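First chain A sits with chain B, and in the next complex the same chain sits with chain C.
Right after this comes the complex of A and B.
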């Protein structure tokens, strides 16, 4: 039994915005895998809910004329993982969201919720950061687009206003074309798990597959917000594959670490997080290179 | 290996669970399903300090919340302290459970203690009202560990019972004069100091939550006859009745407990939990039904847990592998209330001492101490998982240091056939055969050889762990079980028992035993799954791996009387025969020698009830049994693991539990029981641990996201074997199997880590973080 003020099933984005404006206690619900938990534990007790779960314009994934990929926010994790466009161009994102909770959560939960909850541990967050997704929102004051690097304000906090609805995630062609990636969610269990540390890497090799032409490295939980770690990227950019040995990997992992701010908590010690940050940097890089068709010895 | 085993027509064979279809289709009803729709809803207010007193409570605002029926506080409850442990009452006052809590407590002993309750029309109103209750506390310093509890400055939590916080201090010795240091001197003389190997260490085991699926739900009402009735998810309805009567200060006959299907208990529900409070709440709202369904968070913090233990251990063996003597001092944190008191510590201490031959002695000392942490009580295997965490890590560490083979070391030093400890006897002994089966399955020698001198990030290891385990609780406690059988007009049987089905398959096995004993077929045995203290006979309940032994024997006894009654009526109908010439088989009365059918059971039953013969023969039988034997079960686990050193990840490549549990009554159910136990033990090994904040006493991970029980994805294929040997003490030769599977896997994994890396992990669970820290410390990564 939920302590819910009222509930509205929105028919369109505009309808949702109208209802959100009506009551300061109104919040958006989509899959409900976060919101209903907050309501149960009291954080959202007494809130009114506006559902965007059944708005057709918020669902689906498409490849635009200009080559950009558009992921609409109410698309559930299952449908992202099993989408042909994602499998072809953004495989590591499909894999990342396939690690959310269990099958039920992946069917109910949406990528919009995963990005809007502001959690640094969100499975899609580090990979969406690696792809430098742009986030389109619609609100009482119209439409705006925010790059994901400007999206997060702190743990659980984003730039989204309460009355704004995310309408699109846009991944420009240049951000995914010829990039191959790998995401590791390190959790204490293999399912029904919160991310202890998430690491997402994207690598673009040159045509001859001898050199790292470009690299994106992003973490979840290594910082208060999910974000790219340019210190690691810069260290590896332009590196010849034949020169990648254990020494390089060790230094690369140290460079990655320098762009993070792991902390001690009862969930994991700082020392353990440091170990994970370094080791996952190495493992995601190796696998990304391999997926891009490159070969290394290390 | 071939043994004298029992395989009957039903017993010893796989029969489908009698409740399979009902449970799979959702037709089986549990306590919350049965509560009347108009039940009030109760919620409990828990303390937000770890140690102190409630000075005052302001409930005025809470009472004004729309839908609130009543608000009750620790200042309103009867001034009666009562026990909660699922133990039969003892006539010996010195052996009774401690009475150390009120229904709601003014004296706060842990963070989460029950201090007030709201009854409302619905859950939302009750929750809103809880938030409006204002509590003023007086706080004392918090101590969460047993060692802190022993400090003379720690506030006594129950000053009316103890001047300090020590519930009990025990020292089980092989010989009252045994002294570790003297034994060492003696050993040096006898074997030479250079030929001795000693291990001195500390082992810590975690605070664990049972994690049964169904929460401890109850609804309570006052019946038309004035009986205070509680329908509850409990393992022990008859004991709960006694505890409720005690807590409310009413006679036992005034209380009725009904137990429908229950969704697991693992020992947490071997305690009176919130049934006494709920019974009292209904009396405060004119007997209207009150549903009290606590949350998972409340279940984790405010019901019971597995004891956290912290033990200093030492032992000595000779370089050629003779274990000489051992000593353990175990500091056991019991939480804010006694619950089962010292009995779990005592069982832990006894098994530590008994599992090995102690040619030069053993001392098993322990302190059970009140602490400002969640109360510990019974949990599957009752202190023995901790016991083997001490005994079986010591064994492997000695072997590692001395360069001995752990398998051979155990074959030479482990408890032998015929071992006796008081009334507990190893009648049938299958421990070494079990070890042999496990050893062969895992390919012990081959793997030990292969896994020598490994380097690199991925390493492999094999490990083992043994255990022994009492079947039932005699002679420590009473062992009584009652059974009633009634013959229906169609020749089928009603079977009523006091023992409880809690998901383990008890009803199925009881039906098999009834069919085997009476000759009425399994499909015609209708067991009453609900235990109702007004209807079903007395039994102490589901715990101690006792029911198939004690109640099984009671069914065996009752079945023989029942059959005799049937045959006596048969010769009334067929006077040409004598009782001793006849038998019942396949729902017919037959001539023993020829097998010829002389009456069907339906004919006999119909006749018995409706014949106006003046015999008044509604055929039934009733029996109860007091068991005065106890037999040791035993077994082992062998495991083969792989470790990803840099991430501290253990993968189980192969694992087998082998159980010496006497006759296996229903192989499919037995295997399922072992699977569940193995999974539970792997949680203890690698992930499960309640974290208690040292400063406040608050549990940090009171939910299933942060408290890590293994998922199906984390569980390997479990292999199970049995040494199926008929024990002379059971009706059909069965020994304990309910709890034992949860004992050995954790330590087998730990010993495999030692084999793989040379690291002696002495704190459970072996989380990745702890493994990585240890590997770094040892310079392995």
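Right after this comes the complex of A and C.
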């Protein structure tokens, strides 16, 4: 038995909000792969749970009329990786969430939970930051939309109020169209591991595939919160592919590093993280360019 | 806390169980439905011993609320054998390739293997290793488990007419016994 005060299976988002308002101890549960473990460990012991597990309107991925991609929060990681829209337009996100925990976790855990737990190590967080996803929330005071760049307040903290429910992740067409990306999760083991450092890059080349027209670079665990590093992006923006050499890549990785603030933790030292930040910036850039159909040095 | 009636399909049978809303699916399956092949290991979703097939895919039943199982299809190892008690290819291969030692992780691995065979894809050894990464085994060192899954996939590929080669393992029980006997003789000579 889990140590919970009470449990309610919500039938709709509005129903969930009503029940969240009833009790200060009430929290949302979706896939349960974080919340039930916290309950077991004691961090969430005695909390009341409002389940959004079976609300159909919170599941699925769709391509809207205006070209925006909408990912609904209670979609599990497996269904994101294996979704046609994601594979076609947001491949790096599908690959990133395919590195969460183990296969069992990916069949239960959801992207909404991954973003709402506020962890800088969350696999989807850096890639969703690179795509500049907008997060739609519904709460007692109505609906609001928050860009992911304003979402995180600190480790484990987000702007989401306890009584608010995330209803959509919206990725505008201009943020994914013609962008090709790559995500690297560095961890000591290949599975069942929490990210030591995550790096997500998105590259858009010009029509002739000779120049980096636009670039997005985002990290997880390089800062207290997952976020884009504009210092690195600005350094590479507009660069001709033929001019990309060892010297440029070195300077690019230094520029990326200048926008981060890594820390010592029991998982890795600050020095090691600095090395990872630089190395992963180079590797993700090279692979992203290659996926976009470009060739470095010619 | 309250009791609720939850209807689910377990191993092909429709059942209705009165569950406490604080109960994990693991507890319901073991304590109410007596399906003790589902093992209680870490209880935090790390070891995979409590794996069950939910809608065809493995899930850790220790971190899944029974309340969510309403209307779902669940399969445990008890539901794999046919009415004559005949084992599945996966189970036969686990025996043949000596993929079992203490046996605690085995039900979880078998269900994972059933899921992978059901994907009808010619998974390579490397892919199999990645796909079973949510199940831990502390005895076997995984080699024989991966081999057994490879062989089970090979049976299915043969049925589908797809070319698939296994990288190691025994082709029959006799071959396994002969090989073990030979190894024993060698060791006997050596010492």
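We adopt the following convention: the second predicted complex is superposed on the first by the 296 of 298 C-alpha atoms of A that agree within 3 Å, B and C clash if a C-alpha of one lies under 4 Å from a C-alpha of the other, contacts with A are read in each partner's own complex, and residues count from 1 in each chain.
Rule of thumb we're sticking to: a residue touches a chain if its C-beta (ideal position, glycine included) is under 8 Å from a C-beta of that chain, and two chains touch if they have at least 3 such contacts.
Remember, predicted model here, so these are calculated numbers, not experimental data.
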| item | value |
| --- | --- |
| Superposition on chain A - do chain B and chain C clash or fit | clash |
| First, second, both or neither for A:188, with chain B first and chain C second | first |
| Contacts of A:107 with chain B and chain C, given as first, second, both or neither | second |
| Partner chain(s) touched by A:32 [first = chain B, second = chain C, both, neither] | second |
| First, second, both or neither for A:14, with chain B first and chain C second | neither |
| Partner chain(s) touched by A:1 [first = chain B, second = chain C, both, neither] | both |
| Contacts of A:57 with chain B and chain C, given as first, second, both or neither | neither |
| Which of chain B and chain C A:177 touches, first, second, both or neither | neither |
| Chain B versus chain C as contact partner of A:246, first or second or both or neither | neither |
| Residue range of chain B overlapping chain C upon superposition on chain A, of 4-12, 40-48, 274-282 or 328-336 | 4-12 |
| Contact residues of chain A, present in both the chain B and the chain C interface | 1-3, 102, 190-192 |
| Complex contacts: residues of chain C adjacent to chain A | 1-2, 20-24, 27, 43-46, 48, 51, 54, 57-60, 63-65, 67-68, 70, 112, 130-135 |
| In the complex with chain A, residue positions of chain B that touch it | 122-124, 127-128, 131, 646-648, 687, 691, 693, 700-701, 704-706, 708, 710-714, 767-769, 772-773, 776 |
| Chain A - residues contacting chain C, complex | 1-4, 6-7, 9, 29, 32-33, 36-37, 40-41, 51, 53-54, 78, 101-105, 107-108, 190-192 |
| Interface residues, chain A side, partner chain B - complex | 1-3, 42, 45, 102, 186, 188-194, 266-269, 271-272, 275-276, 279 |
